[in-house]
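Multiple structures follow.
Across the two complexes that follow, chain A remains constant while its partner is chain B and subsequently chain C.
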Partner chain A sequence: MRSLIRAKESVVLLMFIVVFAAFAVTTDRFASVDNLLNIARQYSELAVVAVGLTMIIITGGIDISVGSIVGLSSITLGVLAGQMHMNVWAACAAAMAVGLLCGTLNGLVITKLGVQPIVATLAMMSAARGLAFVLSGARSLADFPDSFVGLGQTEVGPVPFIGYIPLSVCLALLLAVCGFVLLRFTSLGRMIHAVGFSEEATRLSGIGVVKVKVFAYSLTGLLCGLGGIMMTARVASSVPDAGNGFEFEAITAVVMGGSSLRGGEGSIIGTMIGVAVMGILRNGLNLRGVPNTWQVLFLGAMLILAVLADNLRVWMRSRLESRQQALEPSKAEA
Partner chain B sequence: MKSKRSVELWSVRELPALAFLIIAVAVLWIKIPSFRLEVNLLATAREMAIAGIMGCGMTMVIITSGIDLSVGSILAVSSVVMAKLMVDGTPVWIAILAALVVGLILGLVNAILINRFRVPPIITTLGTMGILRAGATLFTHARCIAPLPRALDVLSTGYVPLLMLIGIAALSTLFLTRTRPGRYVYAIGGNEEAARLSGVSIAKTRTLVYSLNGLLASVSGLIIASSMSSAQSNVATGYELNVIAAVVIGGTSIAGGQGSVPGTMIGAAIMAVLYNALILTGVPIHWHKVIIGGVILTAVLFDKMRSLGRK
Partner chain C sequence: MKSSRTLAMVCAAIIVLAAIFAINGCTRRTTKPTTTTTVTKPTSTKHKRKIVFVMKLIGIPYTNVCEEGMKKAAKELGIEAEFLGPSTGGDTIQQISIIEDQISRGVDAIVISPNDDKAVIPVIQKAMNKGIKVFTWDSDAPKSKRIFYVAAADDIGIGEIVIDRVAKEIGGKGKVALMTGSPNALNLSLHVQGVEKGVKKYPGITLVKPYIYNDDDQQKAIQGAITLLQKNPDLAAFACVNSPGVPGAARALIQTGKDKKIKIWGLSIPSENRDYIKQGIVNGLTIWDPGKLTYVTTKLVNDYLDGKKPRDGMEMAGVGKLKVSPTGVIIMPGLIITKENVDQFNF
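== the complex of A and B ==
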């Protein structure tokens, strides 16, 4: 119980269990392996992007341009491979480079020019989305070689009990593990936390705050590029408004997962569960025939509920700690 | 003497934005005959009024180092409620009053969530943005409510929107610079802890600011509903970003503690003139977003350069 109160992922885990149980009981098609894998496939791109966004939010920043960067890199791929018939793998590399470039630009504008993250990425959100429309002429592009489109349908396995797992899901899980290891076990990960916890103290201890921040934004840009490629492969076409609204879904997932927008704390595991909650909520409501409008309403409510529940958890933790402190002197006397 | 004057010049926050606006208007005035037409100028002024009135509230919110992403959704809810009442035969002025009350209450709800439950402003308003937009859609069954009574037309005719904007901006400026709660707005944005320790009620100030912001969103909703003579649930979707852009272009710092309503007015004017110019010059619509993004960034960079120059 105590460790549950301490862990920042407990709120989102509880939400996951409640939502999952509710749909499993009320909808007969929901809890099938096929349906769950389908959700995982659809939400793997969001998961990839959310790994990077978690790091940005831990540094105390925010990035609302992720959806637009996903769209721009998807269109880059579409224009180069679909329209100009360039080698599809070279086009993928170009798409990821575009994502990386956008992310690095965000990071440099924020650190070198001292522009607030929300303003810098607001400008990028507008500019990248606009460019996606300009480059594509507002058309969707679909003329990809089979070798690439097949990638979106490739499955790995068989894994015992589950069967075949989509390649994109494996990729997302792999990246989540890498992100987890990076944040938990490397000095870079500790620096990311330190920057968010106290930027001034971090700077005074001789850590390159600029480098750490630029790394977080660049990595997120790169992951957005990858997300754009994954989305293009999944739907076998690239559309200029790909990833529209991604920023809000990703921020919701990260915050539900227990990361604080004040910076300094956050968890990749929490974020992944947050993405899963989002996925099963959307899917379950779809299966029950709930219109999209109501889904948006539910998501908004879940977001606020998650933060309220987390406040409750922090309050319980502080009570727990003060009680322990009260107990300890009496032990010493005894 | 000369150096003193140049220091004073640098210390005017709004200067770069104002210079940009004057140059842009001058160029358009000379180069594009259709820009000078009264019809076009009035339409541009109306667009400016819609963003500017919301911008007054948003400026206050941002000065407290908060943010409100739900203004577009508040606008939608209040205008569909008003339209429904009007269509059902309620007198126009009662329906308008109802819209304003709805806006005020929704702003209050944001404030309560932020104060009482300590949900950060960006999360609270991100949540209410989704919830209220969905609420508006459910309320109207995604149908357009029209036609609205002709009596409402006056709100978007001729100079009326511009006059409303001037009145609201003047009141907001007076409030921020000449009243005690107004100074509290700057105080909690500058240093919340210091403000709290000096006896400023942070909760009260914040409640006031977010409620006013909701109210002003519903006022902009009146102008939009009047000019369209209808109301629908997807009105002003994504408008919050336009308003925030206008505020930021006007030199208000997202970090809080600094900013002014006149600056926001210049920001709103720049956005309106720019959109108008893009349309008049026939720039393909997809370029608009790229250019607006560039302008936001340029404006913020100018502001940085100005503060460096002052040092």
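== the complex of A and C ==
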């Protein structure tokens, strides 16, 4: 019980179980392996972006430009490979570089110019989307070599009980593991937590706060670049509005996963479960034929519910701790 | 001690889950009619045919009328039909996800109005590979494997009609603003091509560049029109080729006090413009009946699933003769709406 209250991921895990079970029981074909892999494929890009965003949120920041950077990366790839017939892999590298550049710019504007994260990334959100529309002439571009398009449909396997897993899902899982290891077992991970927990104390202890923050934003930018490439490969065309609404879905997934918007606390495992909740919720509602206008209402409610549940958990934990402290002396006597 | 507590916790969780299922089960039945648009007719217990329409955007008057037409046809045919689509304009990726989810669901047919004619090609291929019949209506994806496309009107022809009417209204000379929706939608770019082709007949008319892109959003349409009016005080007319464009331009003219001085012609639906047309702010509309378009599409798709293919010149009740081209494009006859006849149309 106590460990359940302590664990950041408990709320999102409960949500996952409830939502999954509810759809599995009420909706035909929802729990089929085919459909679950379909969801995993659709949400692999969001998962990649959310790994970076988790780190930003742990530092106490926020990035609402993720969706626009995904779009810009997709268009960079489309213009270079589709229109200018550059080598598609070189174009992928360029798309990732563009993502990295946007992220680094976010980090520098926030740390060096002291602009609030929400304002700095709001500006990037608008600028990157605008640039994507300008570069593409506001059209989608779809003239990619088969080797690249095939990558979006490539499957790995066979894995026992599941069958063939899309490559993009493997990539997302691999990156999530890397993110988990980085946050949990490296000094950089501890610094990221420290910055979010108390920026002042971290600065005083001689850690380069600016470097840590710029790292988090740059990494997220890079991952958005990758997300843009993955999305382009999945739909076999580069669309200027790719990643539309990603900021909302990614932030909801991260917060639902137990990362606190106050900073200092967060979990990649929680984020991944959060992404899964978003995925099954969307898919389940689509399978039930619920119109999209209702779905966004559901998702908004989920975000509020997640924040409330998290507040409740924090409150219960603090009560538990204070009760424990009250009990300590009596234990000592016994 | 500790393990018994964990056990109690697990039991509690299971009870809560069971309760949630029970509630979910009950509310599902009562809320279904309000949250979905399923039209069912209790006939037999065997598998009922299911057709899903995936629009570019749902929740705007134009698409609501489409949905009504679909419901009417589904009721007459005794089949299930649903109307889905993204809730924000221009969301290509979301539209593809919705289509993919319908493939997983295993419906009989998917009818799409693609947001982007190229981006839907792989997903249409995927559906056809799984044995699901795919059609387009309202907007086409000509390079895809779709079976046929039901067009409201000749897409280029509509643009030509709009610019011809505008030219007549302003006496063949002056600056004309062109307003459209998302630049990726094929039907809209064909309307724009039609305007560009038609304007060559009138050397006195210049189209103001860049065009206004309103993303099917009324607010953006008003803003875009106001901005353009500030830059071009000598504007003679608006030519609009998507449905929020006409009322958007009308409101922009009212807000800037230029109504009735600048003409408006365009593609839009009568119900959104009835008052503007009667007051003379909007000079006229060219339109098809989107309800009838979707009604006819539902019937043609159902016929196809029954093994009956559409034929050129076939008569459709209440609509007229349909033109069917060898490339699988089916065209319905269009309408012209002005002050004189606006009250005859109730959509």
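In the analysis below, the second predicted complex is superposed on the first by the 334 of 334 C-alpha atoms of A that agree within 3 Å, B and C clash if a C-alpha of one lies under 4 Å from a C-alpha of the other, contacts with A are read in each partner's own complex, and residues count from 1 in each chain.
To be clear about the criterion, a contact is a pair of C-beta atoms (placed from the backbone, for glycine too) under 8 Å apart; a residue touches a chain by one contact, two chains touch by 3 or more.
All values reported here derive from a predicted model rather than from experimental measurement.
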(request) Give one of first, second, both or neither to describe whether A:S44 is in contact with chain B, with chain C, with both, or with none. (result) neither
(request) Scan A:V18 for contacts with chain B and chain C and give back first, second, both or neither. (result) second
(message) One more residue to check, A:A138. First (chain B), second (chain C), both or neither?
(response) both
(request) Figure out whether A:S267 sits in contact with chain B (first) or chain C (second), or with both, or with neither. (result) neither
(message) Quick one: is A:T293 in contact with chain B, with chain C, with both, or with neither? Answer first, second, both or neither.
(response) both
(message) Applying the document's definition of touch, where does A:S168 land relative to chain B and chain C: first, second, both, or neither?
(response) neither
(message) So chain A touches chain B in one structure and chain C in the other; where do those two contact lists coincide?
(response) 137-138, 240, 293-294, 296
(request) Provide the residue numbers of chain A that touch chain C in the complex, in ascending order. (result) 1, 4, 14, 17-18, 21-22, 25-26, 28-29, 32, 34-35, 38, 42, 137-140, 142, 149, 153, 231, 235-237, 239-245, 282-283, 286-296
(request) Using the touch definition up top, name the residues of chain A that touch chain B in the complex. (result) 62, 109, 113-116, 118-120, 122-131, 133-134, 137-138, 240, 248, 251-252, 255, 261-262, 293-294, 296-297, 299-301, 303-304, 307-308, 311
(request) Mind listing the chain B positions that touch chain A in their complex? (result) 67, 113, 117-120, 122-124, 126-131, 133-135, 137-138, 142, 241, 244-245, 248, 253-255, 284, 286-294, 296-297, 300-301, 304
(message) Quick check on the complex: what are the chain C residues that touch chain A?
(response) 5-6, 9, 13, 17, 20-21, 24-25, 28, 35-38, 52, 58-59, 82-88, 90-94, 96-98, 100-106, 116, 118-119, 121-123, 182-184, 213
